[in-house]
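As structure tokens, here come the structures.
The following pair of complexes shares a single chain, chain A, combined with chain B in the former and chain C in the latter.
For the complex of A and B:
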């Protein structure tokens, strides 16, 4: 049954125009960054990086592909989960709104498998979206701006040659997948709890904003700084430290996976317990 | 009985929606559930279909198939962005029914829908959506069909087509069908037995013709020269038009009156029973 449910969820997701608008929106955001850089040069990059100047230091050939990918990685880290959350939460809120959930539950389908299939498809969709983002970022950046060394500022200036920069950027994207899955599945859980599309969107966006604010917030207790979910979402930045702290990355990712499982479990349990009618 | 619910009760907060409801239906039978809006029809159907858990009471269904019950609640909820066949395909696959094009087309044909249409069902009329909803409910061949207000929102042609489909499913395919409506006439035309629900309680049940007949206390008669009838003067009546009068007469007396009018040379061109809704929904004494 689960195989058929997974197929059905993927089929419905890909048949909805909203999904394709979301994919297009990601490309548009990505292309805006690249096209602006291409036509208006370093001045625009400076404007775009205005908010990030405290974290970044650029020297030499500003418009190299690796820098652009790093820039896309940074600038999309808020917009991207936002788009994902809107699409993913719709997987359940639309079913409530349109009453199709009722039609599904009138068939011999088990509630737990039905909701579980949504969580699995949401995870796969998120990974695919990050891969599409990464591939297109690499493709367009290297095509337009070529490959060169990457210089970043994270506490201190770090220089990476082109090959190493590429590896680190790939690892950052892969690691970022976990964060994106966290936000996607959290929005699905919100959809299960709130049922209503608009309420779910508001809560999801609020959750994302609060999470981003808390990311910069320094808690008094070190344990919270280490374990709190919001603090785990910029783990990908560790790949741009000169010595990659693998232990911290592993710990943070395991914790975040724990949060993902926890959020999903809450959604599955609530969905199973609540009446559909 | 293929399906029966006994002593079903349900409350939402402090509001009691169903009180000790008993209902049953056998194969090839159409049972009507009549009630005004808010009487508890939809809640009862949701309980029978397993969407709501009753506070108390039991449901027994003797069907042994993969899908015991098929149903539509309130309106057919479909994936509006998918075509009719795509909708059927999704619902067929998730329940392990055949999703071959040939089989899906057969389901569409069974409910009188075109197999060639490829556009999204958002373009379909309410009647067509109802038909597709029934096709989905029929996947995996359930022995019981539960239809909540299937006629609402349909045009007269749609009502006739859906009524014929429901009768065909029960009488030729042997399905037990429980159908709800607040339109008495529709229930009268399709159902063998009827349950009347009011304030969450079944207030009457029995053969449809008898139950509705008991609440038929007036008839509207039309005939040329009706005003000239002396027989008519024996009954309390009001002329609403030159040739049409509302007569205070029960269903059992009507054949005699028609005969007597014919004796006076007055032949009815129409005879419409008027159902007293207060009588119908009133608790049986």
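For the complex of A and C:
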């Protein structure tokens, strides 16, 4: 049964025009970010290397595909989950709005499996979207701007050679997947709770904004700084520390997976308990 | 009367010092370096600057007499502005005087210590101090105080007594550390130059190893 439900959910998702608009929006955003990153990249390099100009000549081009992908990563981690949340939350709110939920529930379908299939399809869709984003970012950036060393400022000026930079950028995208899944599934849970499309969108957007604000907020207790979900969403940045802190990355990702399971469980439980009507 | 005579002697002494010729050993070093028509070599570079993490870099260096040294690398490299004037062209571009400071011990050996003081305002350095190996006519250490680019110290090691070009080199320099807001390259990539603070001068070093020299002598 679950297989049929998964196919049905995937079909419904891909049939929605909203999904294709979202994919198109990602490409448009990526293009805009790429152009802006190219112009901003020159200023970034100028600032980072300004104090070294006095003592050094520079050989090689730091304004290359790797820096642009890094800037794309920085810019898209707010806009991208926003698009995902709008699409994913629609998977359940549209069912409420169109009344299709009652129709489905008249079939021999368990509520638990029905909602679980939505969470699974939402996860797969999110991963696929991140892959599309990553592939297009690498493709456009490398084709147009080539590949060379990456410069990143995280406490210190970190330089990575081209191969190392590419590996770290791929790892950052893969790690970013977990954050994106978290926001996608959170929006699905909000959809289960609020049912109404507009309310769910407002709550999802608010949740994303608050999460971003809290990411920069320094809590008084170190334990909160370590464990709070909002603090885990830029774990991908650790891949650009010179020595990758694998322990912190593993801990943060496990915690975030815990939050994902927690949020999803809340959605499944609420959906199971609530009446459909 | 006696005082006037002393003043005259002091003036004559000063004029004599100013009019002194360029140090003979320095000229011999210059002649030795001028015998190198061109060279090419591979270099391995390691950067030691407190606020920079950079992997070991490889590059090639090429030199043609009368031209600046050229570097080529597939990677991004930092090239110190001083330390690669193998033919001492920068010193000899404008008139200067040399002052013999005697003998100085350096790494267990004694070397001739001289100062180079430019006579022309056009020179881009204020003073240079050199340790000269007078047996093999080459420079083992130079300290250059530039007018605009801070101070550079270059230490050179040679493979053999006959070698004119160094096998390894350390370039020490002063560099201003900047403090960039933590979120600068994080999620918020807006650039606010006002937020960038300097953290004072730091000393940095670049270690260079030369390999596979191809030297064309005159």
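Here, the second predicted complex is superposed on the first by the 250 of 277 C-alpha atoms of A that agree within 3 Å, B and C clash if a C-alpha of one lies under 4 Å from a C-alpha of the other, contacts with A are read in each partner's own complex, and residues count from 1 in each chain.
Note that contacts are C-beta pairs under 8 Å (C-beta built on N, C-alpha and C of every residue); 3 or more make two chains touch, one makes a residue touch a chain.
This is a predicted model, so every value here is computed, not measured.
Colleague: Determine, under the contact definition given at the top, whether A:8 touches first (chain B), second (chain C), both, or neither.
Modeller: First partner only, chain B.
Colleague: Scan A:159 for contacts with chain B and chain C and give back first, second, both or neither.
Modeller: Touch status of A:159: second partner only.
Colleague: Thinking of the overlay built on chain A, is A:273 touched by chain B (first), by chain C (second), by both, or by neither?
Modeller: neither
Colleague: Mind working out whether A:148 is in touch with chain B, chain C, both or neither, as first, second, both or neither?
Modeller: A:148 contacts chain C only, not chain B.
Colleague: Could you look at A:215 and tell me whether it touches chain B, chain C, both or neither (first, second, both, neither)?
Modeller: So A:215 only meets chain C here.
Colleague: If you tally the residues of chain A touched by each partner, is the higher count for chain B or for chain C?
Modeller: C
Colleague: When the two structures are overlaid on chain A, which partner does A:78 contact: first (chain B), second (chain C), both, or neither?
Modeller: second
Colleague: Give one of first, second, both or neither to describe whether A:237 is in contact with chain B, with chain C, with both, or with none.
Modeller: It touches chain C, and chain B stays clear.
Colleague: Would you please give the residues of chain A that touch chain B in one complex and also touch chain C in the other complex?
Modeller: On chain A, the chain B and chain C contacts do not overlap at all.
Colleague: Help me check something: in the complex, which residues belonging to chain C touch chain A?
Modeller: Interface residues on chain C, with respect to chain A: 51-55, 59, 71-81, 148-150, 152, 173-178, 180, 182-189, 191, 193, 196, 198, 204.
Colleague: Help me check something: in the complex, which residues belonging to chain A touch chain C?
Modeller: 40, 43-44, 47-48, 50-52, 54-62, 70-71, 74-75, 77-78, 148-149, 151-162, 164, 212, 215-216, 234, 237, 242
Colleague: What residues of chain B sit close enough to touch chain A in their complex?
Modeller: 43, 46, 49-53, 66-67, 69-82, 86, 90-91, 93-96, 133, 136-137, 139-140
Colleague: Please output the residues of chain A touching chain B within their complex, sorted ascending.
Modeller: Within the complex, chain A contacts chain B at residues 1, 4-5, 7-8, 11-12, 15-17, 98-109, 114, 275-277.
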